[in-house]
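Below are two complexes that have chain A in common, paired first with chain B and then with chain C.
Let's turn to the complex of A and B:
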């Protein structure tokens, strides 16, 4: 007995109610507050802000709570919210040389003006489960910190530049395109590429960068400098005629220095890869700078070895996890109609092949 | 109930204007894929974000909206999109093809003929008909520019050489007004003839791929074929088991574990209308 599938609407409502109950989980366990998520899952919050392209830790925390900790889902919530917001304008470029650094390391110089600042890093922790954390109510010894050094921290690449050892990177006053307001056109400018990569999926960018290290388009990267800290965001106010500070954001910046033997157009010198990401997002910033460098092969007159990380269209068109997950998961939606037409085609092709075999026998 | 927190039909007016410009350009150059700055929508890419944006840009408060997925009004995603527009635009909705002023569809063209003044909005996953022959957008745009469709003809020819026929059963490529090769979205090729000379305006939206294209009313659309292998729209060789229609596209439904099958119209409104008019199929009595 066939009954046409009805009741999609009721099924959806019930599914949503079930989802809400699952999100809350055991009601005997205290509910997570946004302040807790923001304070104690701050690296997740940072990732959601970076890939959601919206610097708002409270909204990111809300998205993480609402998405049950599925960070791509949380990023999606933020993106869908962000796209409804009006754009007031563009800030003046942030001055990362004036960053109030909490971490700043260089892998190329043992010591340098501004100093090496290790900061709150996992780097030298032993990855042993800390069972003390399983017991609640831990008391922490206050870390010894110096007050943030507010003197400018000059960029390592600036020292190299003075000797002409690294490619010049002149300032440009050009307004970069905004890939959230204009369709991506290829080939893209470097500014647009960096925009796409900084909001791209961390895992994808990581793997792309890793592939260049293993020989699929070598980048020979040294971390010239990695820095994390707060920078001021300033905006030109037309009525005032000068820029005023409208807020502060935390950024991670990575500049790689890459060996370069020279090409037909460029002398031997070091070249740059650049990564800049919202929040403390060190892995992403380093990966970004490698991928950036790798995509610059044409401009530097290097050879294209056909590696995926050298292929701008491949990288840019597949870096966005919201696009990727949407298209991937949509195949679970009904495809009865297409499948039906395939069924008929396969039956017809089979019938012809089987008839042919019989005739031959 | 309209949700007052959002602009009419969700998108802000600036965004709608940008989308309308793309639509107008698409109408002016039928079959040409117009890039547009697709927004993130509150449903995932792949769920019809392109169609939803086109619908949002076209809707006016007087509209009567119909949403179908696989030909049916009651599939979950059709329900969800219809509900979305009820919430953010407060427009009237209908399941009757003839009563709708705007129909958003996924994978089908209604079996009831459309009329002048209606808009049919298609959800498109991959707008580029050449994509599976050439993965690079930079290349395929050039091929369209130069009207270089040799690759497509070779593919169709190879199908015939290998299988004796063109082995594409849905998303079957068409040529628009003798110029652009166009992907009609994943409709079964049975629906292809309905693309041509339709009195309705047909709009195609691909959100993730950031493309809009259009077929203005009475556009000449031809399914690609060869003189000695003409295009054949095909469907299951049955009549609908509920309404006895022999001119509608059919879904095959497994009804038991003994290999039992029944065939029913994929267009639920068309099937319901015929049954209301007294047509009864092979299993129609039992099913009521």
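Let's turn to the complex of A and C:
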């Protein structure tokens, strides 16, 4: 039985108008500007850029305002917008070794060239609510400065690599697969996995990484290095015949160092997990590198303990919060016909069972 | 620097410039004919696996491109970060002018301002560098 469902236009229009009014909130309170969101909710903006998979802080700020601060809704808006943009090309891979670092810490080496630079971190704060922030217009002390060295900061893993103590990263000139162009196929290359994880839901990736730390798949990881800073983005311009910088973006990069007892072909050495995420997003970058390392079990000849974080299909197919929310939330939309058939089936089964019980009595 | 490197250098500065700042530095556009009208699009930014390995797709960024010609035939190209069409137009005009040695003061100003901003950021980072000191233990004495 097919029942055409029409109607509800007036209800929908009115709902949208009310939504707009609720978004604005109390008219006696000043309206939020995009510049305020961009400047003062910058980590929310970063998350929307990372999971929206589009680096544009103004658009992310707009999406956050439009979505009333619902970040998954904001990410949805960004994903929808990006499908309208023509693809102008792909960049030359960014060189994170040339990052202008504002934060760079290593949990494996205390004294390292370039030093440990804390940057604007929440670490070492006491997580006590600061009621001074509740009062507006508080004068702020200017951050301290010190003589700066603008030289490139070398990657920590490079030191281990010199002694052959850590695996080298193979480098091929092949074009990486792009899940925004072709549907993801499993098993996925490491490049495709990294693309899926870097745009995946932070909470999901965090939980997957945490599960490996608690023993569901063993990846005892050290943070070899965590760095945040600006990198230049270059692209080959066909009209020019050479690459030029088309902008610069802020990235968070995490390299984890994991034990590896060796295989038939490789001597015992350290292996790596890698995380690279748009913006200042270090929880995500650390989690990404743990999940990346966990998914490499087959390549490294490790045991599959059946842990969720070792299951490529489980991780990659459930990491995207837009796919997840789309499928999850569609069940609240009209399913009247589906449900009608369920209802008839349950009634029929009940009638049979009740008839059977009466017959037995 | 070679001609190509000079051009790379100014194109980078123009791409990274704040649109409002560039408009303030170079408000009036000379006559030009558009070869490709300003167009907003996306560029897929790539990273390297492990920081130095094979490429992977990190995510896209918004970019606006534009190509034009000056009446004397000089052609200017621009690919600039963001979605500001006048930014791309202005950058393309400047790319054409700079090939004839004009408007170099705009580039000099952008370079100086960018260098100052980068230094200021690096100086704040430097102040958060950890200076470890080792405590003298009993057995060392």
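Everything below uses one rule, namely that the second predicted complex is superposed on the first by the 348 of 361 C-alpha atoms of A that agree within 3 Å, B and C clash if a C-alpha of one lies under 4 Å from a C-alpha of the other, contacts with A are read in each partner's own complex, and residues count from 1 in each chain.
The working rule: a contact is a pair of C-beta atoms (placed from the backbone, for glycine too) under 8 Å apart; a residue touches a chain by one contact, two chains touch by 3 or more.
These numbers come from a predicted model, not from an experiment.
K.L.:
If you stack the two complexes on chain A, which partner ends up touching A:341: first (chain B), second (chain C), both, or neither?
P.N.:
first
K.L.:
Have a look at where A:284 lands relative to chain B and chain C in the superposition and call it first, second, both or neither.
P.N.:
neither
K.L.:
Looking at A:47 after the superposition, I want to know if it touches chain B, chain C, both of them or none. Which is it: first, second, both, neither?
P.N.:
neither
K.L.:
Which holds for A:326: it touches chain B only (first), chain C only (second), both, or neither?
P.N.:
first
K.L.:
Could you tell me if A:82 is touching chain B, chain C, both of them or neither one (first, second, both, neither)?
P.N.:
Once the two structures are laid over each other on A, A:82 reaches both partners.
K.L.:
Is the number of chain A residues in contact higher for chain B or for chain C?
P.N.:
Ranking chain B and chain C by residues of chain A touched puts C first.
K.L.:
Go through the superposed model and pick first if A:187 touches only chain B, second if only chain C, both, or neither.
P.N.:
first
K.L.:
Let me check the overlay on chain A: which residues of chain A are in contact with chain B and also with chain C?
P.N.:
82, 86, 180
K.L.:
Provide the residue numbers of chain A that touch chain C in the complex, in ascending order.
P.N.:
On the chain A side, the touching residues are 49-50, 53-56, 58-59, 82, 85-97, 100-103, 110-111, 115-121, 143-150, 155, 157, 169-172, 174-180, 190-192, 194-195, 198-199, 232-233, 235, 237, 239-240, 242-249, 251, 253, 255, 272, 274, 276, 278.
K.L.:
Would you mind writing out the residues of chain A in touch with chain B in their complex?
P.N.:
1-9, 11-12, 76, 79-80, 82-84, 86, 180-187, 313, 317, 322-323, 325-331, 333-338, 340-345, 348-349, 352
K.L.:
Which residues of chain B touch chain A in the complex?
P.N.:
Against chain A, chain B makes touches at 6, 12, 35-42, 44-47, 49, 69-72, 74-80, 83, 107-108, 125, 136-138, 163-165, 167, 169-171, 186-190, 208, 210, 234-236, 241, 249-253, 255, 262, 264, 266, 268, 283, 286-287.
K.L.:
Provide the residue numbers of chain C that touch chain A in the complex, in ascending order.
P.N.:
That would be residues 4, 7-8, 11-12, 15-16, 39-63, 65, 67, 77, 79-83, 118-130, 132 of chain C.
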